[in-house]
Every structure is written in structure tokens, then in C-alpha cells.
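Following: one structure in C-alpha cells, then a few remarks.
Chain IDs A, B, C, D and E follow the sequence of writing; residue 1 opens each chain.
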Amino acid sequence: MKPALHRGPLTRLGDLSETRYWVYFLLFPSLILLLLVVAYPTLYGFVISVREMRLTRPGLNGWVGAKHYVAMMSDRVFWISLKNTAIWVAAAIAIEVTLGFIAAVALNRNVPGTKLFGVLILLPYFLPNVVAGHMWALLLDPRLGVINDLLVRSGVLSTYKAWFADPATALAATILVEAWHGFPFFALLFLAGLKGIPEDLYKAAAVDGAGPVRQFQLITVPMLRTVITAAVILRVISLVNSPDLLLVLTGGGPGNATQVLSLYAFQTAYREFNFGYAGALSVVMFVILMVFATLYIRFTRVSRE
Amino acid sequence: MSIRDIQKSYGALKVLHGIDVDLEDGGFLVLLGPSGCGKSTLLNIIAGLDEPSSGDIAIGDRSVTALPPKDRNIAMVFQSYALYPTMSVERNIGFGLEMRGVPEQQRRAEVQKAAEMLQISHLLDRLPANLSGGQRQRVAMGRAIVRSPDLFLFDEPLSNLDAKLRVEMRTEIKRLHERLGTTIVYVTHDQIEAMTLATKVAVMKGGYVQQLADPRTIYERPANMFVAGFIGSPAMNFIRGKLISDDGGSRFESGGVIVPVSIPDSAAGSRDCVLGVRPEELKVVERDDAAIHGVIDVVEPTGPDTMVTALVGGHAIVARAEARFQGRRCDQVRFSIDAQSINLFDAETQDRIEMGVNPQRL
Amino acid sequence: MSIRDIQKSYGALKVLHGIDVDLEDGGFLVLLGPSGCGKSTLLNIIAGLDEPSSGDIAIGDRSVTALPPKDRNIAMVFQSYALYPTMSVERNIGFGLEMRGVPEQQRRAEVQKAAEMLQISHLLDRLPANLSGGQRQRVAMGRAIVRSPDLFLFDEPLSNLDAKLRVEMRTEIKRLHERLGTTIVYVTHDQIEAMTLATKVAVMKGGYVQQLADPRTIYERPANMFVAGFIGSPAMNFIRGKLISDDGGSRFESGGVIVPVSIPDSAAGSRDCVLGVRPEELKVVERDDAAIHGVIDVVEPTGPDTMVTALVGGHAIVARAEARFQGRRCDQVRFSIDAQSINLFDAETQDRIEMGVNPQRL
Amino acid sequence: AAAINYWHHFTSQSEMAGLVKIIELFGKSHPGITVTQESIPNSEYMAKVSSAVVAGGRPDTGMVIAERFADLTAMGALVDITERVKGWKGKANLPENRWTGMSQDGAIYAVPAYAFVDWMYYRKDYFDEAGLSGPPKTFDEFVAACRKLTDPAKGRYAFGMRGGAGAFKYVIDVMEAFGSPIVKDGQAAIDKAAAVEAITFYSSLFLKEKVVPPSAPNDSYRQIMEGFRTGQTAMIWHHTGSLIEISAALKPGEQFATAPMPAGPKAHIARVAYAGNGIMKDDNIDAAWEWISFWGEKDAAITLLEATGYFPASTAALEDDRIKSNPIYQAASQTLDFGRLPNSFVGAAGWSENVVNPTFQSVLTGQLTPEQAVDRMIEGLEAALR
Amino acid sequence: MFKTSRGRRLMADILTYAVLLTMTMFCLGPIVWMFLTSLKNEADIVTSQMQYIPRTITFQNYRAIWTQSNFPVLITNSLVVTTITVAICVLTGTLAAYAFSRLSFKGRDRLMLSYLLVRMFPAVMVIIPLFVMMRTVGLVDSRFGLALAYTSFLLPLFVWMLKGFFDAAPKELESAARIDGSTRLGAMVRIVLPLARNGLVASSVFIAIAAWNEFIFALMLTTGQGSRTWPVGLQLMVGEFQLPWGVLAAGGILSILPVVILFAIVQRAMVQGLTAGAVKG
């Protein structure tokens, strides 16, 4: 080490690192950053939710208390969005977890070529939502969509189907797109988790007489539970909060068949300029997520111990 | 159990070079050897977890070479215990029975019996994460016992335990074997375990069996220097020197050390050889005519004994002295050797040189 | 080095309850105790890696309580060796000097010297990943030696080695200490290491020091049953019984076992107590009037000795017999006790009862 | 020298080309002013403007289309430019009706620049094939033509109905054509009976007559254009802005032609939506004025027309030969005579997109009856106006 | 009789390949189609007769996206924003993750959890106040400002992931370095960080991908070309009068290229890193 370094500011920092203030130093930057970019906006959101704030009616602005929350209770679209959000998130996560799991197990067998397959299977995750959305819009297009063409050719469908136009299929179609886009995330995390399971457990089970299915049931799945827990909660948060895929694919339609809370809040704020109500919607989403996360974490912890 | 010419290669790497072992029913075979010598590989092959490249394995009198592990009726205990972390102790122990479709009622009874034998009945509801090392070890054994298999396999079951527990559990395993009478194959690199537990020890090195014999033979008449050095702690002392045979009989000479030996068929002449003598066979004596003179280097009281390391003509020699030994570093020290207990090895082949008995004590 | 009333709590959990230890310069202190008793915590506090909740530490005659580890002039060897995986052996060893700004030239020389002392000169260019366990251990020691610190700290430096190597390296450390004369604090849960290495042993349990004394005292006159049971392998045998004092002097009685003892200030009467006797103090005898009669349960030949476990009135008693011991399971066996070597403990407090000397041998 | 920035929602290649030329032209005549343009997707335009209004960061100038005028003025996004307009010589070429969509309570907030004129594109070849002599002039004729033109077996449908994004535009048109006003004096004024009739009629094209592709509920601009271009549909309603794109795929006059929108039973509705530019903050107000008024002049208008086919607002430009002599543009010229401004009231955009669109989609998908849909529209409109 | 157990393994291998191939088709099919589309003329795309293989291969779409969309600027912006995001996260997040992993202090677990919870407030409502703040410090419409906004949801993710990797790096190495004469800081920089290198790479790649693909913040917080990112640029080109499919597809293909290249470079480190982190999990 150069003597120069001994006298520089680095040395002072080094000395600081041996004191009890070090922990504050370490946490300070990220805390400040998060407080600025998260805490203040969140507070702002809470405040706005109890105020009227409609850009096109500046005269009405002011404190309104729980008005928005009361209104929400009789807002048809809110309830539809809530239901759709639940379906959308639950179904997408279920499919993604399943596919991710299958992919991870297959990749973990390390057959020749696994590396290449690994990258190829990850590709969808690299695409921006916007691109993925448009791409699937083309694939499922009622006139130009190759999927329709394939289905018609193979006799599954008689004519091209407008997947996003039929409320019976629109939500399912968007879930398919989301699943395609999101499952590699799980595959990657699960693969990492699988590699951490000790080989001995499988050997013991083999000697005990458990076949591949039981081994999977009784060892693989339980051992991955921590990883699954973490991945699922991260994914749920980001799915609930980000409207971009649906914004691109359907804009919530047809009717409100694919309307979800995040999109509804977005539209309320930026199409109706009703920020107060959008704020209340956001608070409700936040609370729902909080409750979900708390229950979820508690539930998964309890079952582990 | 019998193992016939088992070979195993991983790609170009040959890790087992034709292993042949026979073990009588109810016997306790210990596979002993340094890390990487192929012990676990052999055990896995016996268990059916690995396939041999060639060779044949029979348990009892049926060949099991082609059977999957679950059909071999074996039980195995792993170094890591490999307890299923998500299942209770009870379920862990009963898992093998569960897999074999034993009805719940009966399973419970069997698990209870095994648990009592191992004194872990009070732990049945816990998860493995909440057990201490020794308790986990017992659960792993319980899992093996409950199945009443034809053959137990142990892969270094004690090496994750601390010194104290290891001694206790070792006795436990020995007791278990005597009680159950099941054939056992046991892998370890701890020679004390091998000595205390085995009815038969296979000392392995680099994929070959160096010696297959009962523990006492292995200890007292090791087949070569590797076995001699590997067995015993502190290790056998080796002194390089010459074996001189002439009219007056044969004797070993090295520096000031002279030990008369009796070689049944010795041509006159001298050849390079190595004298091996175990620390406990070196007695500290006051007599001036003792076989070995040296200077104390290190004195290590272990409690019941004191280990004395002395420098003798460049060699470091370890002797086991009494607990009350009072010597200190740099003191002069003299040892006598019980000529009956020495071993001689060919310096080149490192193999043991067969000797007759010479009852004279120096 | 002196440690004054060190206390440490993690939140509500108090792991050290006021530890006081003094160690003369050049001494070798072993902290011995079961897992979780706070040994590593204490060592980390001495190193400055952890802060004590209260208390004071001095090395030499300067208080170092407030200094960061780098300013304490200590060196430490870890159980996992903690070699920097990305640096060569040479750099690993020299890292401490590098951090202190020692010029390259001098550093090389010092590293070379340490490496020679440890016989690892030929390994200097390798990465730690390419070393065997024993070699890594030596490198870790080299890293400590090269700094010529005021104090060496070892945290279970041998427990990752296999049995054989452990014995060798133990001797190595002992030799090193004698050569360098540096003060050492050494953590282990292996009582043999404590016995062989220490000039002073602190036996710990649950955050308290149970006994602080030289190894022989600890071995022969343990302060309480915990220390007695912890030190020695196989462990000391305990026999519950009564201490009866009357006109004819004092004696210990339990079932058929009667051992006369001499208690300096004994009121007449009887009290519950526990007799402790080490396996090597039990001699297998043929005499009919021996103190203890039992039935053999397990026989374990270890090589130089044979451990015999016998059942005596419900207790399992272990004795160290000769290598040539021929008894088998279920045989009758008789032991004599050297009354000089026994210990008596109060059944309630578990503390040792001071005794006078009674030279009579049964 | 002044630098101003300009927000607009031009995005296509042709639009951008036109814009770049206009900036170039402007730069030549106003060397002291530099304009930086920022294009924002049409669908996100209001979102950006509104967040700029709340959070600050408005541009100097921005594009204003008639439908959004009310919202923009309500949120105070535009600067009153009445005085400047009064003293502006270019005012002569912009008759009074151009300004109505750009002013409120007598105050002017933007200078009109060009117009989207609604009309109908139809496949001339399909019409000939089906023996139809000309484009339908009324809704009745329209339905009759639709029936003839549809042949699901060939995958051919008569009318490319827009049911996805932007559908509200034509839904409102049809309601008005059936005689229901939308807003009067700032109050919701939907005539329920007429509106139900209108929705029933319009949705029946899809539900009953089945002359509309099944994908209609999610079809927006892109889909109806592709439907038309690929020959799936025979008619679509749109405005002059898509002429260039369609001409690129189909031959004008042979494969397709244009016609005014058909007339409804109560009114003949077609929109002429003037779009202009307004000043959004007064930091560089002089330079900003130069820029937005430049758009109202002939040079700029012609340049834009050449690039995009957007109709000029300036009468001077309308006289240009390129418009007068092109038969395709005749329909637009006719429409200028009867066409009206789109509805513009505060909250119009939100109501249209968030209420009209989904309810109409729901009618198409059978989840709502026209009565229910109209009830919801009225309910939503009242809420929006409150 | 080897056949049975070998046969079983063979069956498993075949099944594995079947699964992998199906998955790959599912994942890759759409992208391949996008690629094919990007090579087609508009006439081959917008057609009533499905054209699987382009009749003529054209690079017109790529040329178009390059010239029309300001592609180089957009990609540069995305790169810069992503880099800054990663840099901020690495600089501040590493410190925090280290503190969470190595130091014990009151309320540590609660603080960790609250780092996770901050992600829970919907982006929609965070945008306006964020915009207000950025404006007061002049960061609106700057790449740095956008990156700062990204940290609001990426920093917590980064801290959580990295903490796992730090946990997996042996504590003793650090102690050894401190005793050898490093300060805590020195030990962290010289020993812990190099050890957690793979984990650092893995976490960084995760947030880099997220930052690269982000849309809503990028849309709302940028105005000028000066800071507009690629996904927004693309969506913008789609706009109302839409981009031809071919060009859009070309844009899609171009947008995964950088990510794929990045991933190919760090794949090894990433997989190793993830594995190390998962061992303790």
C-alpha cells in the first residue's frame, strides 16, 4: 500500500469505518435516496388521496376527507379492476411459477447443450414490456396473426379469432403474454435454488426407495420454498404496480374486461386528470399489497418452522 | 456381501482399479483411506447410486449389480446426515417404510422402537433444523435401522461431530452392530474408528485396496508403509537404515540404533530398509544401553499419557510416555524397543518384510 | 495479556458473563468449551472484531479495548483458514505486512523466512484453492507468524483437518510456540488439544469460566463435574453414591462399590455425592476383592489400547485396558481403583469436594 | 436569439417530415428563433401535459386539437392570446368558424393551423363487384350496402368498425346523427331514447347484421386500416389524415375512393376538427407567438398538406390547385360545408375514453344492452361535468 | 441388465430435451417471428394470405428505424440511464447490503423489510411528486433524474439480492484482513467485494435489465429527445398513426441485442453468483 494513501481522505474514511458511526455511513446514502425518491412521493400520494385534485376543475381543489374512498365503494370499475387484478396476478404467477419450475428442473439436469437452452429460454425476459406487447399483438392479431393462422391450419379454429376483442379471451390472452414474458425470471431464480440443494438428499431418498416423482415432491419443492417465496412476492409487487403491458395490449378493454387497478389509476390520473381519486386508488392498492405481503410472509414463515 | 473386481472410471479418470472384497454376514467392513481414494465411490456403487464400469456385487447370495438402490434392501447414513429438512424426525425415520407402503400403524410402532433404542423418542416431533449435531446423527441412524435392511452403509457418519461426541457415537454404533447383527460397510478416514469398529478393514489408496484384514493384523502387521503410517495416532515412527544379515543373525542398524531381528530366510548381506515402531512400543528408560538416544523436541501431555517427540539422528520420533513424564525440551532421553513389536519394510517397494519372532528385549 | 470482567450481550441474549483471565507473557491460553459457550465471541473481542458490552482488555501493558483490530498488533488463525482466495500464497502471507506498508524487499524476505519455517517455500506461487488442507493450515499460520505480533489468536485452527493431520499440526503448533515464545490464545473444543498445548486452560460453559488452571490441574483436580466430564476422552466415569463419614474415616459407597477416601474436615453423617474416576485409572484385575464388578458391554480396540465399557449396577463404566485385553461382550470383569486418583463431587452443586491423600490401593 | 420548444403528437414518418420542413421554413424567416420539437404519442399527450401542469415544466408552445381544447384551457395550460390575434395580419385568411374551436368566453387561446376532415373510404372495386353504383348517402343506404358487401366465407366484411381505442368518436357521431345532443350549456343533455336508438343501430352492424369483422371490439386505428388495406373490409370511416397511408397500399380511384360520411336520420354528422397551436407559458412569449402564428400562414399549411394530406385551415391555402383538382379531395371539400366541430367540453376526453369506449365495447361483446350502456354514459357524463 | 437403469436415464434425458425444446420454441417462436417480420416488406406482412417466409428479404425496416427513430440517440440514452442506475445502486446499495449483512444494529430486520415495502406504492402516483422534486433540483428530463427515479424500485431489489451474496461470503476472511491491518473499509473493498463479485454482477444485471426495459417512469419523466429512452421512443413511434409492423419488429430485434450481448458476457459470473446466493437461501 502506498504511504500516500495512509494520509489521504481514504484513511480518514478507513478510521471512520472502525467506529460505531460506520453503520450510519453505510446506510445513509441509500436511505436518503430512498426517502427522497420513495417516502416523500408516498406521503404525497396519501395526502392527495384525501384531497380533491382535478386539473380541469381547479376550483374544487381542497380537503375532502374520505370522499374518494366512499366513492370507490360504489365504483363499478373499481370492483371490476380489483377482481381482474386478482385474477390477472394470480393466474400469471401460477403459470410463471409452473413454467419456471419445469424449465429450471430441466436445465438443472445439465444435459449437453444446457447453456444454450438457458440463454434461449431467458430471451423473453430481456424484452421491454412495450416490445413484448406489440409483438404479441401482432402474433395474435385477428388478421395478420400467425398464431391464428397456425390454429386454423391445424383445425383447432375455424376462423381467425380476435383474442383481445372477446371479453371471454382477452384477459386470458394478456395473461399468456405476461406469462411468456415473466416466467424466465422464475426459471433463473429456481435454477439457482436447485443448484443449492445437497445431492445427498436425493441419494438418501433413492436408498429409501423414493422414485423421481416422490423425490421431486418431497425434496425439490420443499427445499425451493424460500426461493419461491421471495420470487413470488417480488413478482406480485411488480405485477400489481405496473400497468405498462396492459396499457400497450388492450388499454383495459374490451369493456373493462382487462381493466386492472394500476391501469385504472393511471387512466384516472392522466385521462380524467382526477389525481385525488387516482391517489385514493393507489393507496388502496398499497394497502392491499401490504396486507398481502404481511400475510404471505407470515404464512410462509409459519409453515416453515 | 461380496464385491468382485469393481472398476469405475469417470471419463478418462480411473478411480477404482478392480476392487475385490468379501464380507461375512454380520461382519463390519470399514473402508479406510485418505481423501479422494475412492471410498465414497465404492460405497455409492454398493448402494446402487452409481454404476460400476465393470464388476459385480452380491448381497447375501443374490447379485444386485443391476438393481436400483431401492430394490437392494440397504440403508445408508451420510456424512451430512441428509435428513429431509422439511419433515419431522418421525417422518424422517419412517420415510423408508412409507416409501415401501408400510401401513401407518405399523410404521409408527417401528419408528417408536428405533427411537427408543437410540434414545430420541422425545424428539420425534421436531424438525431436523432444531436438533444438535449428535441428535441429527442419531436420527440418521434411526432412519437406517428402522428398515431392518440386509446391509447398512455408512459414509463418514461421524466426521461432522466434535471430538467428544464422536467418541460417544462411535461406541453407540459399535453397540448397535452388536445388538442388531446386520452386515455393515462403513467409510471413514479416521483410523481409530476403523480400529474400534471393524471386524475387517480395507485400507484404500488411489483406487486400490492396500490391505484387507482384521484390525489387529492391520495394526500390528501392516502390509506396507502406507498402511503402517496411516493406521495409528500418533503415526508409526519410521527409521531408515540397513538390514544386515550375517552369521550372528540379522539386525537393523541406523546411526546409533541397533535392533536385532529375526528374518526367517535371510541371505547374508545388507539391504536398505525401514524400521517401523509404534509410539506406545517405545519405553522411556534410564538405562544407558537403550536402543535409542535422542533429544526431546516437544512434550505433549494428553491427560492419560504424554507424547514425547524426540530428535534421533535427524529423525523425529514420537513415543507415548506416562502421564507423569517430566522431561522438557532439549533434555536427553532414551528409549527401549520391544523387538517383538517392530515392523521392517523394504525401502524400495515399501512392503513389509516378514519376520520371525525374537523375544529379546533391549 | 489480561482480560477484566468482559461482558457481552447480543440484544437480550447475554453470551459472556464477566470473564476475567490473566495470562503471563509467552503463555499459551486455551479457551475450551462446548459449542456455543462463547469462546469465539471472547476471542473476537480480544481481537477487536467485536466490541464488549463492558470490561477491559490489555495486551502487554497497554489497554487495547478501544483500538480497532489493526492497531492491536495481533495475528489470528481461523478455523476455515480464511485465506484470500484470489491472492497467491506469498501475497496471502505478506498481506499483513503489505497493509503496514513494509517495503516489498523486506516483505519478501520475511515471507520467505516464515515459509521456510513452515516448509511451504515451494508453494508460494500457488493459489489457496490448489492447496491441500494441511498446506492451507500452514499458510494460515505463516500469515500469522510473519507479522511477529504481540499476541496470536487461534480459533479452532485444526478442526477442519482430518484426524491424522490434526495430530501432526498440533505438534507443529506446540513446536512453534516453543520456538517463537509469543503469547497465544487458542480456542478449541477438543480437550486433547487443550491438554497438550496449553500452559493455562480456561474451561468455559454458557458464558462463564468454570475453571482456569494449568492442564494437569484441570485434568487431575477438575473444579466441578462439568470440567471433569468435559476433559478426557473417553470421559471420566461418574458413579452416584453416598459419602459416608463416621469414626472409621470417610468412604464412598454405591451399590457394591466401596472406596475409602480421606476428607480433611468431614462432619459425621452421609451425603449424596458422585465419584469420578478416569478410564485409565481403572485397572482390569483378576482379584476377587476388586472395588468394582461388572459385565462387559462393548470392547473397542483402538490400537495401542482397548476401551472396555462395562455395566456396573446400571452405570456404564469405561476403562482403558491393554491392547491385548481379551474379554468379550457379557464376560464378567473386575476393576481396581487407585484411590489417589479419584475425585468426589457434591451431588447437588456438582462442585469438587477437596480431599486429602489416601495412599491405599484396593 | 430565443429558443422555444414545441410539444406535438406528430409521429408518423410523413408527419415528421412535414414538421421538419415547417421548422426549416420558420428558421429561414425567423433566424433569431430556434425551435426544438418534442413528439409525444397522441395517447400520452394529455398525460404529459397534465403532469407538466401539475409539476411544472410546461413547454413554450404546444399543439392543441379541438377535442382537447376545453380540458387544456380548464387546467390553465394555455395563455390567452386574444390581443395578439387582433393585431395579426394573418387573421384575414382564417374565417370566424376556424376560431370557435380555439376560443372560450370570447378569449382566444390558439391559432388554427390545419384540420382533420372526417370522411369515408370505400373499396370502389368491391362496390362495382357488388353492383353498387355509388357510396351510401344515408344510414339506410349504408346498411343496405353493408349487407351486399359482406361475405364471411371469403373473409370479407363491409365495414371496418372501430371498437377499440378511439371508438367513442364515431359512437358520439352516430348518437348525434340520431338526434341526441351530448352537452348543452355545460350540462349533460343526452336524449336517452335517441341515444339508445343510435347505439342499437350502430352495434347491430356488428351484433345482428354481422357486417363488421369479429375483431371489432378491440380494433383501433391500426386494425381498421389493416382490415381495409388487406381487403378484409370494404368501408371505413376516418379522416383526411390517413389518405397518404391508404394511397400507398391501394390505388386511388380504382381500388378505393372517398365519400362524405352518410347522413343519419336526424342529422348529417361529420367532424371538421381544426387543430392549432397555443402558447403554454409566457417566458418567451414573443418568439412563441411568432411560431404559432407561422403555422396559421399559407406557407406552413401547404407544406404540411404536401407532406401529410392534412387539410389547411387557411382559406388561402384551400384555394391551392393541388386540392381543387384532386377528385379524392372533393369529398372533403363537400364535408367542409356541413361538417361541425367535435364536442368540446371540460372532461370530454376522460369521459369519451374511460366511459364511452368501454361501455360501447361492452355492448359489442354483449355484456350490456344499449339501454344500460346509455345509462352508464349519462351517469359518467354527469360525473365528469360535476 | 444395465439396460434398465441406463434406459431409465435415457428416458429422462429424452424427456429433458423434449421439455427444453418445447420451452425454447415457446420462448423463441415469437422472437423468431418478429425477426422474420422485420425482414419482410410491408406487403408480405399486411396481407390476407399469411406469408411465413419473406418473399424478398429486405433490410429496409432496419434502415427505417435507424434513420427515423433517432435510434442511436435513444439507445445511447437507454444505455446511459441504465449505467447510471446501476452505478447509483452499486454505490449506495452495496454499502447498505454490506451493512445489513455484516453489521448488527437495532432495527436491522425491520429496516430490511421496509426497504422491500417501499416498492409497494404504485408507480402511477409516485410520478407526480417525483416530477415536482426533480424540477426543483433541475433534474427533470435529464438522464440522471430518470436513473434516480429508477432507484426507487430497483435499489431495494438490489440491496436484497446483494445481501444474500454477502451473506454467502465467509465472514472470517474479512476478520482476517482486519487483523492483518486493514480497516473495515479496506477489508470490504479488498476482500469482500472481490469475493461477492459474481453476486454483484448478477444483481447488477438484474437491475440493468429492469432499467433497460422500464416504461412508465421513462414516459412520464422525460420530455425531450435528450433523455428519452428506447422503449418510450419505440412506443412513441407506434403512436396513433402507427409504425409499420416491419419497422416495429426491427426495433424489437434491435432492442434485445444489447441485452443479449451483455448477458452473454456475464452469463457465467451471473449463474455462479446466483448459485452462491441461493446456497444459503
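Methods note: a residue touches a chain if its C-beta (ideal position, glycine included) is under 8 Å from a C-beta of that chain, and two chains touch if they have at least 3 such contacts.
Keep in mind the model is a prediction, meaning the values are calculated, not measured.
Any chain touching chain A that also touches chain C appears here: B, E. Between chain A and chain E, the least number of touching-chain steps is 1. For the pairs A-D and D-E, the larger set of C-beta contacts lies at A-D.
Distance between Cα centroids is largest for the pairing of chain C with D. Among the other chains, the CA centroid farthest from that of chain B is the one of D.
One simple way to say how far apart two chains are is to compare their mean CA positions; for chain B and chain E this gives 54 Å. Averaged C-alpha coordinates give centres for chain B and chain D that are 92 Å from one another. Spacing of chain C relative to chain E, judged by their CA centroids, is 54 angstrom. Shared interface positions of chain B, i.e. residues touching 2 or more other chains, are given as 68.
Of all residues in chain D, those touching 2 or more other chains are 44, 47, 51, 54, 155, 226, 230, 232, listed in ascending order.
Among the residues of chain E, those touching two or more other chains are numbered 46-48, 127-129, 182-184, 186, 235, 238.
For chain E in complex with chain C, the touching residues are 104, 170, 172-173, 175-184, 186, 191, 194-195. In the complex of the two chains, the chain C residues touching chain B come out as 34-35, 159, 162-164, 167-168, 170-171, 174-175, 178, 189-192, 195-197, 215-216, 219, 230-235, 278-280, 297-298, 300-305, 307, 309, 320, 323, 329. Those residues of chain D whose C-beta lies close enough to touch chain A in the complex are 44, 46-47, 50-51, 53-54, 70-71, 74-76, 152, 155, 163-165, 213-219, 223, 226-227, 230, 232, 346-347, 349-351, 353-354, 357-359, 361-362, 364-365, 367-368, 384. Residues 55-58, 77, 141-144, 159-162, 164-167, 170, 250-257, 259, 267-275 of chain A are the ones that touch chain D when the two sit in their complex.
Residues 198, 200-201, 203-211, 214, 218-219, 222-223, 225, 305 of chain A are the ones touching chain B in the complex.
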